[in-house]
Every structure is written in structure tokens, then in C-alpha cells.
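Two complexes are shown next, each including chain A; its partner changes from chain B in the first to chain C in the second.
Showing the complex of A and B:
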């Protein structure tokens, strides 16, 4: 494998990290039945705040910490208004998304384009020397390694532990979970805050590691939060599929960067292409639901019909049944 | 366990749902709670199972005063309730439904619980695969699942809220046998229903509820008239069987095929006559609903012709079916039939054909009021539909139908309704038939099918029977066909 390919693949592993944390964080929130649409604003605000705090205190750790705290604070607003006040989750999410973005640009303006501190690579001895695998997976900063562990942990927690099972329950049918002795609203608060913290980490991951620095609107971060939201849906609220979605999107972005230097395709197309491609994939995944597809399938001969419908059914995802619906006992 | 309820009161706003209810239930018996919709049965059971709290009153278990603050408390005290719509998690596996309520460590003990489920299922002759997804089970199996789960949680008092709604005759028999076994093992079973024949066939003692109060208690031998007198405070009789069927065909199906992910129906041929009532029988999910939705123009057939007046309607849009005078009344009243949040008047405005931009409120109000009177809906034109009781919602749905119709399609027209409402609804439908309208309906209640149909189609595992004459068949024969015997 030549060097360009290796760099591209390694780049995917790195570029996917912030989206991964944000999308899986959102996954936890939505599994509990709450929609948090503020992701995009949260990432911008925490990217700025993490950068500024790390610059002023010379501590990367404090930069990440403030990101998690701000993420939690934004999520707390969502949780309070939707769980306690039973207000529209969509409305509050949109307002926060816009508010946080504008706050980030406004408050961060004095720090635009300042040189700051950032996370350096820490290749893992021995492992990095394995041909092909080493340079792709083990020649990164520590966040990338953390992301590998995080995906596995998220999966195990959700599907192999008792609290994870309860989490699925409260988003699916809160009344039934309550009937089994689960404190639905308390858990919804908890997961919204935890998920918020994870989303909040995504900001500093960009500004301190993946896309180093802060340059206001030119940072190029506006939009990734919405993509993270889409990936949560595309991933069918399943951490492994969400992770796949994050790598897929990062792959499209990396491909754009590689093609940019090697071909004559206009740069605008390469920058914009990942977004429509993402939409197209979303469509493909859920196409099995459409009535005309069912009719076309019915007309097919038996054998291919069974194979195709099996694949479509596997791809098909359904949201937690009570997503966005407040829980009331009576 | 012995239960004693003392002077239970519960208000919902201005409605006195439970008005000074006192009741004693002894261990090892099956206690029936009978009453029409809105009589306060469910409210009392929700209080007993911790879902809601009484405004005043006491609950004693084996003579000890207890406070039940949540369903979790109730389970700890040994009280479990099977809700009308079983409170389970459809997209999850059976075993996860068990594990979710279990207290314990971080990780799940799947193998152990799986073994326990299998042992319990065997003990009661249920066939429940712990790895099956709940959404693939029938309502009857989901009930069995909940009963097993509650027993597994150590419940000594089992409350069943309208458990025979939506299950087949076979499953009902099995359920009753299970309940008798449980009572023999000294469990207390509380059986809530609005169906006379169910409580008569099963219960050791029956408390009849009327308007939030205990109207009286009866013990065997039971007398139906006595029950009806207590339930309604008046006498009610089912009318004799009549037919309005004429020899003119309304619609002809030619080699129709319908299918979805799970089912394939093929080669359906049928001629439906004017004024005829056609009943569709079968276990839930055997294709009756597909058939009905095909007639409604909601589900397109994959092959064949739907001929109405020599025009093929297969593949046409829903609006064309509406124009042809076909009206569909779905089973889920609140999800598909009515629009929560809108008032009765607004519903009537929506359902009438209007071409002008502005709505004449006065005209609409008049129309609504006259229909409310005509259909005896308990409500005012400004009532939001979700505030109406089930029976009144069904009446509202019927009242919404256009004046002149050729075909009415109904799914479980009287499910969850008390006898009085059911009889009344069928009286209204018969009036329509006399007016040349045909009716096709699905019901899980075989007696209803035989009583009101002219002909019957039975659905089983992707097969559709030839039309059966309702005058010459019996509940037993239909029951066997539904169960797959005699094909």
C-alpha cells in the first residue's frame, strides 16, 4: 500500500473521532426518549471554549473539561424544558443550536487565528511497527485510541448490561419501564446530561487535536453537528452502526481532501459532496419501508425476493418508540 | 392472599371514578369485576397495582394495612397487573422483557433466566421462545408472556384488565384454564371485564360496577338478566337475526393477490352483493386486515381485479375508492380514525365535502349537534375527541360517515364496547344495509360474526376459505377452521 492511501486511511480514523463521540452521545440521549437538536451549536461553542481555556491555562485537560461541562449545561436546558416542563424538544433544540453557534462566534472573536496549544501524537510502541495496521490505527494522538475503547464500551453498556437494558426500555415504552420499577424521568435526565457531556467533548477534540485552532466562521465546523445527528438516525440508534456511519462520513471527507490534490474536480464540489451522499445513504437504508418497493419485491421471483427483502429488513431501522414524547404516569 | 378494600375514592377532575368502593376478595378465588365502559373498574385496578393513587381509602392485604406508591411497590407486595394492552417492549426479545424488571448486578444473567422461562412455560403449557421478539407474538401470546413474567416476579395476586379483548377463542380457553390452575395454587385472581359470558364462565364471585360504585355482588348460579339489571339498571335484549341482502352484485374480486412482508394471499375470488354483511374471521394477522385494506384502496393488490360497476379499481388511489362510496373504519380509533386535539365539530367539517375556503361555523355546529343527537354521543360539539369514552368515540366515527355509501369496511366495530353500545351500533349498521349498503367487517368475536353476517370468510395461514353461510355454521366449526382444522 502506498503512502497516500495509508495517510488517507489514518486520516479517517482521526477525523471520525469527534463525530463519533457526538453521535454516540446523542445516541444515548435519544435512546432514553429525548431529542437533543442542539448538537451543532454545542460543538461550536465547546470548540471555541476549549481552545480559549487551554490557551489561557496551558492545560489541555482543562480545555476538554470545560467542553464537557458546557455540553452538560446545554443538555441540562434541553432536559429541564422537555422532561420537567414538557415543552417541545424540537423548538428548544433549534433555539439552543442557533444561540450556541452565535455565542461561539461572538465570544471567540478575540481569539480568532491565535496560535494555541494542541495534542501531539503518541504512537503506541511496538503496535505502530506492524505493517499497514500500525500506521493506520496506532500512529495517532490518545483520543483516537480512546475512541476505539469508547465504541466497544458503548455497545456493551447498551446491550449487555442491566442499566443499558433499562435505557432501551425507557425510550421504547416508558410506561412499561415504570411498571417494572424504573425511575423514568430521573434516568432520562441522567442520560441527557451524560450524552451532553460526550457531545461537549467533540468541540475541544476538533480545536485541540483534529482541526487545530479557532478561526471563527472559517473554522469549518459549522454543520458537523447536524451530520452527527443524521448519523445517529442512519445508525439506527445502535452504537456500532453509528460508529460505521461516522467512519463513512469521515471517509467521504478524506476522499475529498485526497482528490483535491490529485484531480481537477472543483474544490466546492468535493467539499459539498459528503452531505448529499450522506442523505442518499439515509434514503437507501430506509427504502424497504416504501410501499412501491414492497410491490416491486412482490413481483420478483422467490429466491432473489427473499434475499433482497432480508437485506432491506436488516438495514431498516426504527427509532425508540417514545422518542420526543414526555412521560406522564396517568 | 386476601385483599380488603375499604372506602376507596378517586376523582378525575369532576368525575367521581371510584365512589366509596369497599370489596373483600379471598385467597384462591377468581373474582370477577363486571361493568360497562367507564364504570370505574380500571381505575380501581390501577389503584391496587400502584399506577395511580386513591384520594382516600385503605387497602389491606391479609389484614395488614399497606401503602402502594408505585407498580414496583405493588410487585414487592405480590400484586401484579396484566394491562389490557400488555405493558411489554415489542421490539425486544422475550427474555429482555423479563430481565428489564429484575433487580440485580451490572451484567445480565441470561442463561439462568432463559432456563427459568422455559421451566415456567412448560409448567403452564405455554409455548414461548425466550429468544423470540415480542412484536412477532400474537396478543394472546403477549398476555401469556406477561402472566409468566408476573408469576416469575413472585406475584400472589394477579389482576387481568379486559384480557379477552383481541384474543382468539382458543387462546381464551387456554387463558381460562391457566387462571383456574393458578387459583387452585391459592393465588388470588381478579378478572376485569365488560363481557357477561366471560365472567359467567370463569368467576367464583362477581362484583358489578355501575357509575363508580359497586352495584351488587353475585355468586353462582348466575342469571344473565340479573347481571344486566345491575350493570345498566334496565333490561336489554339482542334483536332477532335479519338480512337485507339483495341479489344485485356490488363488487367482484377476480384472482386477487395481496401481500406484505409476512403474508401472501392468492387467488381470491368473490362477489359481494348489495346490502350484504360479510364477516371476516381468523386469528389476528392471518390476512383479514390486508383484505379489508385492499377493499378500502389503502393496500394495493399485487395482482387481480377489483370490479365495481365494470370498472377495475385495482391500483387506483384511495380517493377513487372514497368516490365509489367506500368507507373504512379502522380498529385503532385514536390513531387512524379520529384526530386527537380536534373537536367533534372540526371532525364533521373535515369529513364533509366542501369547496369553499371559509367554514360556516353555524352550519357546522348545527350539523354536529344533530348528529350528536342522532347517534346519542355523550358529548357537546366542542368536546375534543380524546375526551370521549371508547364507546362514544366509536359512535362518533360512525356519525362521521357520509350520507350515502355503497360499502362500509369495519375492523373490530365493537371491540372494547359494552353490550348496550354494541347492540346499538349494529342496529345503526343494519339500517344502512336496508338502505342498500354492504358491510365487510373483521371481528375476533365469533358470536358477533355469526349473529350479524350473511356470509363469512375464514382466514388461516395465508389461505382464504370459500364464503360460508352464516345460517348453517356454528362457533365450533368456525373455531376449528380458524385453528387450521378442516381445510
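Showing the complex of A and C:
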């Protein structure tokens, strides 16, 4: 494999990291039955805050910590408004998404384009020397290695542990979970906060490692949060499929970078390129449920019908049954 | 909440609760101001001075007041349009993109009809119709994708916002680029004869105020006093029940999106003919997003929304004055965001108190 291909593939592993954390963080929140639409604003705000704190304290760790804390605080507003006050989760999430974005641009303005500190690469000894695999997977900063572990842990937690299975129960049939003695709303609070912290980490991951620095509106981060949300849907609320979506999106970003250096397409157009694709993928995973598709299928001859419906079923994803619905004890 | 109560006892309860309502609303505004003041302190600025500068920036001269009104017009239109989709229980987050595409179609019509020698008013009318068509088409898309593709309209609309912006930029850098060099500052200006004339000494054309008022009144009448409005409301409350009662929900969903898009397209055309005179990358100026916030703040009430839109427009215009304090103009967005957030949250508090009381 030539060098450019290796760098591109390694770049994908790196660019996927913040999206992975944000999308899987959202995955935990949505599994519990809460939608948190604020992701895009949260990422911008924590990218700015993480950058500024790391710059002023010369501590990367504090930068990431403040990101997680802010993410948690924003998620706390979502949780309180939707669980305790029973307000529309979409409304609260959307308000927070714009509010946090404006807050980031307002407070971050004095720090636009300032040189800051950032995470350096720590290749893993021996492993990095393996041909092909080494340079792609093991020649990164520590966050990339953390992301490998994170995907596996998220999967194991959700599908192989008791609390993980309980979490699925809360999202699918909260009343049943409640009858078995689970404090549904308390658990929802907890998962929203934890997921919020994970989403909050995505910001500093950009500004301190993956897309170093803060330059306000020109940071090119506006929109990634919405992509992360779409990836959660595309991934069918399953960490491994979500991870696949994140790598796919990172691949697109890499393609964009390559195209930008070889052509003169304005960067804004390349940045918009993932969005039609986002719509298209959502169409793919949802269309199997549409009424007219079912009608058309029924009218098809046996053989193609079986094939088409099999494909549609494979693509189709279903949200947790109670997603967006407040839980009330009767 | 709007149940009619008749016994005297409940009347006194209601008046007490109205005081509570008022208290909660005022409390929400005070909270928003307090927390924004904190943010200003973090940014090393004196809050009171900043607020005073915003007031000055919005009202200290005829020119500024006219700018506030000129900014109120597109905001009233986007908010009014959104009341249709909100009433039907739909989230038209794609509003911003619909304003952009409205502007694109409007500028396109001017480019197409530039040399025809038609009467300017005819050309302007056609351009407005084109803008409305653009907004309409762009709004129907998320509706179609939701109904026939199962794609949640929030994501459909959001994605289309980004696509609309990319479309504008592609036009600015490609087919519609200025002779010579293309730049982010936009396409070539439309011919002066197609620009709406300002009142002397202001930056406000009276025609657009008339359009805004017609739009706002149209919405209030449609939603309050017609079969259409009532059915839309029924769908918004429970679309399955409405469907079972024989209301063609699919058609109403698409109509709500379409009407909303027409409002967006007209707003875009107004921005082209009375503010920007060309197509720029940020052709929506955030009016679509701001309209969503206003609609949420007034709990989807038509008349209140026009008043709050004026206040929000004043904030956005006055806010520009902050640059003399070394602050950028995102403060308005911060204050607006906190206002809506606290108002929505206090709605929840009120509902809880109602239940207990």
C-alpha cells in the first residue's frame, strides 16, 4: 500500500474519534428514552471552552475535563426540562443547540486563531512497526486508542451486562422496568448526564487534537453534531453500527480534504457534502416502513419481493420504543 | 389549561394563578438577563453598559428604528409561516434553508428578466412569486421525505439547510459569479430599478411592512377562524385520530409545509429587494432559526409573536453597537436563547404547579 493511502486511512481513524464519542454518548441517552438534540451546540461550546482552558492553564487534562463538565451541564438542562418539567425534548434540544453555538462564538471571539497547546502523537511500540496495520491503527495520539476500547466497552456494557440490559428495558418498556423496581426517571437522568459528558468530550477532542485550534465560525465544526445525531439513527442505536457510521463519515471528510487540495471547489460546498448523504442514509433505513413501499412490495412477484424486503429489513432500524415520551408512574 | 371555569371559587383560583403566570414570565426574563450579565462579566464587559448600548443601537435615531422595523419584517414572516407547521405538530427546522432558496429563486428571476425591458413592478412581482415558489418547493421536500420516506422532518430540514447554503455558494462561485473574480461577498447587485425604495433618511421600504402585516393577519385569521386552521390544530393534537375522523392528514401536512415555505420565500425575496440586492452565502441571515425561537417563546400565539418578533429584531439590530465595546454580535443570540429557554422551562414549572394546585 502506498503512503497516501496509509495516511488517508490513518486520518479516518483519527477524524472518527470525536464523532464516535458524541454519537455513542447520544446512543446511551436515547437508549434510555431521552432525545438530546443539543449535540451540535454542545460540541462547539466545549471545543471553544476546552481550547481556552487548556491554553490558560497549560493543561490538556483540564481542557478535556471542562468539556465533559459543560457537556454534562447542558445535558442536565435537557434532563431537567424533559424529565421533571415534561417539556418538548425537541424544543429544549433545539434551543440549547443554537444557544450554545452563539455562546461559543461570543465568548470564544478573543481566542480566535490564537496558537494553543495540543495533544501529540504517542505511537505504540512494536505494534506501530507491523506493516500496514501499524501506521493505520497505532501511530496516533492516545484518544484514538481510547476510541477502540470505547467502542468495545460500549457494546459490552449495552448487550452483555445487567445494567446495560436494564437500560434497554427502560427505553423499550419503561412501565415494565418500573414494575421490576427500576427507578426509571433516576436512570434516565444518569444516562443523560453520562452521555452528555461523552458528547462534551468531543469538543476538546477537536480543538485539542483532531482539528487543532479555535477560529470561531471558521472552525468548520458547525454541523458535525447534527451528523453525530444522524449517525445514531443510521446506526440503529447499536454501538458497533454507530461506529461504522462514524468511520464512514470520517472517510467522507478525508475525501473532502483530498479533493480540496486537488481541486478548487470552495470548502463550504465540500463541508455540505455529507448532508445530502445523511438524508439519503436516513431514507435508506426508514423507507422500509413507508406505507407505499409495503403496497408496492405486495404487488411484486414472489422472487424479487423476497429479495427486496430482505434488503429493506436488513437496512431498517427502529428507535427505542419510548424515545421522546416522558415516563409517568400510574 | 384553557378550560372554562364558572364557580366563584375557581375564579379566584384563576386570578391567583394568573398572577403566578405573570410572576413566572417576569421571572424567566429576569433569569435570562441575569445569566447573560454573568456571561458579559466573563467576557470582561459591563453588563449595564452593554444593554444600554443595545438600546441605543436600536432606538437612538430614526435610521436605527427604521432598521429595526426592516429587520422585524422578515422575522414576522418566518415566525408566521412557522405557526402553520407548529400547529400541525411539525418541526420545520428547514426554515432557514427555505429563506435561502427563496432568495436564490428571486435573484434568479431578476437575472432572467433583467434585459426584457418589462415594467420594473411587473419584474419585481414575478421575482417575489419566484421566491415564494422556491421557498415552497424547498419546504415540500422535507414533508415528502417524512411522509413517503419516513425521514424525520427535523433531520430532513436540517440537512436541506446545509444543502441550500451550498447551493447559494455554488451559484456565487460558479454560474452567477461576478464578472472577473468570484468572491464571498456575493453575486452582482440587481439593477437599481428593481430595488424597493426606502423612505427618505431611512433604510426601510414601506411596501415590506405592508407585506408583513398582511402575512401576520392572514395567519391569525387562518388559524383562528377557518376550518382549515381547526383541522390543522386537530392534526397537531393527534394526527391518527384526525385521520380516523376523515381529515386528509397527508395533504394537510404538505400544505402546512408549503404555506410555511411560501412565507420563507417571501421573506427571502424581501431580503434581496430591500436589504442585500444580491445573493450572498448567508442569504437567510438566521431569520429562519430566529423565527423558530420566537414561535417557541410565545407558545405559538400569532399576535404575541409579532410583538416578540419586534423585540427580538431590536435586540439583533441594537446588538451591532456592541462592536464599539470590543464585543462581537453573538450576544443577541445568547440573550434570545436564554430568554426562550427560561420561558419554556417556566411553562413546565407552571404546568407542575397547576397539577398540584
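Just so it is clear, the second predicted complex is superposed on the first by the 304 of 330 C-alpha atoms of A that agree within 3 Å, B and C clash if a C-alpha of one lies under 4 Å from a C-alpha of the other, contacts with A are read in each partner's own complex, and residues count from 1 in each chain.
Keep in mind that, in the parts below, a contact is a pair of C-beta atoms (placed from the backbone, for glycine too) under 8 Å apart; a residue touches a chain by one contact, two chains touch by 3 or more.
Computed from a predicted structure; not experimentally measured.
Chemist: After the superposition on A, what does A:160 contact: first (chain B), second (chain C), both or neither?
Modeler: Only chain B; A:160 stays clear of chain C.
Chemist: Looking at A:306, would you say it contacts chain B, chain C, both, or neither? Reply first, second, both or neither.
Modeler: neither
Chemist: A:95 contacts which: chain B (first), chain C (second), both, neither?
Modeler: second
Chemist: With the two structures laid over each other on chain A, which partner does A:226 touch: chain B (first), chain C (second), both, or neither?
Modeler: So A:226 only meets chain C here.
Chemist: Scan A:168 for contacts with chain B and chain C and give back first, second, both or neither.
Modeler: After superposition on chain A, A:168 lies in contact with chain B alone.
Chemist: Of the two partner chains, chain B (first) and chain C (second), which one does A:132 touch, if any: first, second, both, or neither?
Modeler: It touches nothing on chain B or chain C.
Chemist: For A:287, select first, second, both or neither according to whether it touches chain B, chain C, the two together, or no partner.
Modeler: second
Chemist: In this superposed model, does chain C or chain B come into contact with more residues of chain A?
Modeler: C
Chemist: Tell me the contact category for A:61 with respect to chain B and chain C: first, second, both or neither.
Modeler: A:61: touches no partner chain.
Chemist: Quick one: classify A:314 as touching chain B (first), chain C (second), both or neither.
Modeler: After superposition on chain A, A:314 lies in contact with neither partner.
Chemist: Which residues of chain A touch chain B once you look at their complex with the stated criterion?
Modeler: 160-163, 165-166, 168-169, 172-173, 175-182, 291, 294-295, 298-299, 309, 313, 318, 321, 329-330
Chemist: Which residues of chain B touch chain A once you look at their complex with the stated criterion?
Modeler: Checking each residue of chain B against chain A gives 51-52, 70-72, 75, 83, 87-92, 96, 99-108, 259-261, 300, 302.
Chemist: Touching chain A in the complex: which residues of chain C?
Modeler: Going through chain C, the ones touching chain A are 39, 42-43, 91, 93, 145, 148-152, 154-156, 158-160, 162-163, 165-166, 169-170, 173, 281, 289, 292-293, 296, 327-328, 330-331, 333-334, 337-338, 340-341, 344-345, 347-349, 351-352.
Chemist: State the interface residues of chain A toward chain C in the complex, per the touch definition above.
Modeler: Answer in residue numbers: 37, 77, 80-81, 84-88, 90-92, 94-96, 98-99, 101-103, 105-107, 109-110, 223, 226, 229-230, 233, 266, 268-269, 271-273, 275-276, 278-279, 282-283, 286-290, 292.
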